[in-house]
Each structure stands twice: as structure tokens, then as C-alpha cells.
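These notes concern the structure reproduced below.
So that you can tell them apart, the chains are marked A, B, C and D in the order they are listed, and the count of residues begins at 1 in each.
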Amino acid sequence: MFTETFAVRFYETDALQHVSNTALAGWFEAGRQPIFKMFVPDMNLDNWPLIIASYKIDFLAQIYLQHEVTIKTWVKRVGNSSFELHQECWQQEQVKSRGVTTMVHFDYASERSVAIPEHIKEALGKHLLDTSSM
Amino acid sequence: MFTETFAVRFYETDALQHVSNTALAGWFEAGRQPIFKMFVPDMNLDNWPLIIASYKIDFLAQIYLQHEVTIKTWVKRVGNSSFELHQECWQQEQVKSRGVTTMVHFDYASERSVAIPEHIKEALGKHLLDTSSM
Amino acid sequence: MFTETFAVRFYETDALQHVSNTALAGWFEAGRQPIFKMFVPDMNLDNWPLIIASYKIDFLAQIYLQHEVTIKTWVKRVGNSSFELHQECWQQEQVKSRGVTTMVHFDYASERSVAIPEHIKEALGKHLLDTSSM
Amino acid sequence: MFTETFAVRFYETDALQHVSNTALAGWFEAGRQPIFKMFVPDMNLDNWPLIIASYKIDFLAQIYLQHEVTIKTWVKRVGNSSFELHQECWQQEQVKSRGVTTMVHFDYASERSVAIPEHIKEALGKHLLDTSSM
């Protein structure tokens, strides 16, 4: 599991005085940074090898400005050329939101998916979600 | 079906020179404005009666800066206190992204769901997705 | 003068139930799209020739969710390799915010400013702010 | 001086493969959080006492995805009902961007400025920018 902790930004709230649902898409992306680094250790953008296929976000409780949030990221499933992540947004020891994202190992030049190298599959496998306790 | 058409903004692109996946969460929210107005015709924020339960966005093809996009919004299902929307993002006559969002008729003071009034159920029902042709 | 009119998006509000000051930076950028097209008519990103040097935004009155906004854009000054734009954000026939932005004609490869071609200087000159009436 | 350090988020880049100029407005707002807490220690939103009058941002060098940024915040001037902040965005020991923001102590109900309480003026005064070395 990877974790990223940060303060809520004022502009991420909306007129309902809670965090906008739209902020979560960006926060979960921010939480995927350690996953990106498995594929591109120096974050060089020239031959970026990942594209997003889908994400689903469930909103369990409102998130507020006043407290830090932590994004937790697990690998849910590793396929041949794609993989799924399970993410959670926590605030004050409560899970507020859950996200599942499918990413594809992708060649932007040919616009085709590409098999994930074995050593990255292994690295991803070390962060598998343990569903036995869920 | 409701439609909203707008130009892509430069800041909505990312370093991959396409529209960031995170922009879609905001665009689909923008496409829901006519739905919000069924519940709150004057968009008064004081007793806002809706909260989001979840959204899922599928990315079918990359979206680029150079052309306008259109968000199309249908009602997929109307329940007692919640409803589902089906949305699509089109660019250059191609569907680029699909979203399904579940919204709840909600009382923020008591933090509880509330039955949707009959006249709003009827109004929503006039924008049902016709799945027979899908 | 160029104008762009659009609806305020829900996520652009903040917890003070007005539009976040941070949204204006993006709106004024959106209003500069016709200026970008003077330099890059097809908006091709490969040799993008502009960079921003500074912007100043004055907030005159609060902007709200309920009404469309219009961004008006004038050219304020054209120099050898840089130019200044004057922009205004209007809502309900009231000017709500003013922006002044300095942009530089720029070669990203060498990271140096470049003289603006004469035909673009002329095109910019056709949209000069008339300060005699201000 | 206050400092806030954080990772650049992927969606904050734009198609020029650097950080979008629009992100800075949000980052500098994030850097103002300790100033907000001088006025509202618990960040309660009910009687928020601040509004923004203007900001100016100068872009000195491009900011990239690969390295953390630090926002540094100083008080530049304290007036009767308003104050100015000087902010800088640093990346890899280089100042990349500077911002000056004017904020007003404000009563949203009457839409009027209000004198800043003496104890807050004193607190602000402890974070004055030392311009002697600039």
C-alpha cells in the first residue's frame, strides 16, 4: 500500500461547504504517483507508457476543509497489459471515498496496449490488496 | 437528453497533450446542470437537495484541445430517493467517454436521503435513456 | 474585442458560495483562445510559440453560480516580442473582475523570446483597447 | 515566513509539459492557509472574514512535474482593513514564480471591509517580509 497525505485546499471545496466530488479524481491520480514511478522511475514524459481506461469513485461520507486527507493505494489485479488499483480517501480515521481505476500499459505512437514487463508485474504484485479481511 | 457544448480549455490538457482524465469529472458535472434545475429551478444554494453517491467514467478515446466537446445527459433509472444518469462526451462526432453517476435526493441537515417528489420523478422520466437501440 | 460566454460550473464555486478566485485564472486563459489562434491557427501543440510572463487579476465584486459569465479580451499593448492583454469578466451586466496578462512570443527549444511577426502584430493591433473612454 | 511543500500533480501540467500557469493561483491560495488560521483558527466557514481583492503572479521560469515545490509566504504590508502577502514558488532551489496578493478583512453579510483586530495585526507583523536584503 502507498499513502499520500495532504491538506485540503480551499478551492477544492464547493458551495456545499464540503470538498467537491470532482476533486477526488485528481486526488486519486495524485495517489497513483508511486505506481507511475514503477513504470517511469524518473517521471520523464517523453514516452509515457500509461493511459487510463476507467475509474469509479464511491462517495461514502462528506470530506471537509478542516482536516488533512490520506489517499491509500493498493493494486487490485494485474493482467497482461492492464491493471486495477483500489484507492481510499481517509479523513479523521474514517474512509470517506473509494476509487477503482483501470490503467493500461499503452504505446501512444501506435495507440495500442502493450504487455506489462515481468519485472513491473512483480513490483505491482508486492502491493496487492488483501481482500481476505474485507 | 440534455446537451452542453463548450470549447476545451488549455489548462484542461495535461503533459500527454490530451485532455486530463480528471477534467471529465467536472465536465460531466457541468452537463448535470439541467438536472440540478429540475430540483432547484433558481439554483439557490441554501437548501441544496442533492448529493453524489458515485460515478464511473470510461475512457474510450483520447480527447484533444482543438475541437469543441458536447456532453449528452440521459436519465438511466429513477428510484425512490436516488437516480442514475448516463452521460457521454462527444468530440468530432465520436463518443470519447461515458459516465454513469448515481445521485441521491438528500437532506444535508439530517444527512439522510429523502424520497424524490413525484413531479420531479415525472420530469426525470421524460429524459430516460432509450436502451432499445444500444 | 473578443468575447467568450459560458455557464459557471458547480465545482468552480467554493465554500463561500461564490466563484473561487482561482477559477478566474482559468477563465481568462479560456478567453485568450482567439489570441492563441492568431499565432497558431490550427492550435497545433508541437511548436507552441507563447509563454506567460505575468498576470494580475482584480476582484471587484463576487461572482455567483446562477448566471452565465462573459470574458471580454482586448489587446492593451504590443511590444517587440511581448504583448499585454486587458480582460474583463462580466456577469449580469456588471464587470466583476479585471485581468492584465503579459505574454511572450517564445521559443521553447532555446528558452528565449522571439520577435513577433509583423502580420501578427497587425492582427493584434486590430483589437486594441480604446482607453480614451475609460 | 510560512512554507508549504508538496508534490506537483499530473493534472496540474498542461500540453506544454510544464505546470499550467493556472495552477499557481491555487498553490498560492494553499500557501495562505496559515494566514487564514490567524483569522479563523478552526477554519470554521460560517463567518469567514476574508475576501481577495487582487493577485499578481510573475512567472520567472517553468515548473515541472518531476520535483516537489515549496510555497513561501510573507506578509508584505498590513493596513487598517487589508493586507498584502508576498509569495514565492520554489523548485530545486530556484525561485520559479512570485505572487503578491491583497486580501481584505470583510463582512460578507454587509459586503463591507472591517478593521483588522489589533492582535491579528500583531500576529501578521511577525511574518513581515524583510525587504532590506532583496
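As a convention for this text, a residue touches a chain if its C-beta (ideal position, glycine included) is under 8 Å from a C-beta of that chain, and two chains touch if they have at least 3 such contacts.
It should be emphasised that the depicted structure is a prediction, and the values quoted were computed from it without experimental measurement.
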Rotational angle, Cα trace of subunit B fitted to subunit D, multiple of 5°: 180
Which of A-C and A-B has more C-beta contact pairs: A-B
For subunit A paired with subunit C, centre-to-centre distance based on mean C-alpha positions, whole Å: 33
Approximate Å spacing (C-alpha centroids) for the pair subunit A, subunit B: 22
Set of subunit D residues in contact with two or more other chains: 10-11, 13, 15, 17, 21-22, 26, 29, 45, 65
Pairwise touch network: line, ring, star, complete, or other: complete
Footprint of subunit B on subunit A - complex, ascending: 15-16, 21-22, 24-26, 29, 45, 48, 51-59, 62, 108
Touch list for subunit A against partner subunit D, complex: 4, 6-7, 9-11, 13, 17, 26, 29-30, 33, 36, 42-45, 65-66
Touching residues on subunit A, where the partner in the complex is subunit C: 10-11, 13-15, 17-18, 20-23, 65
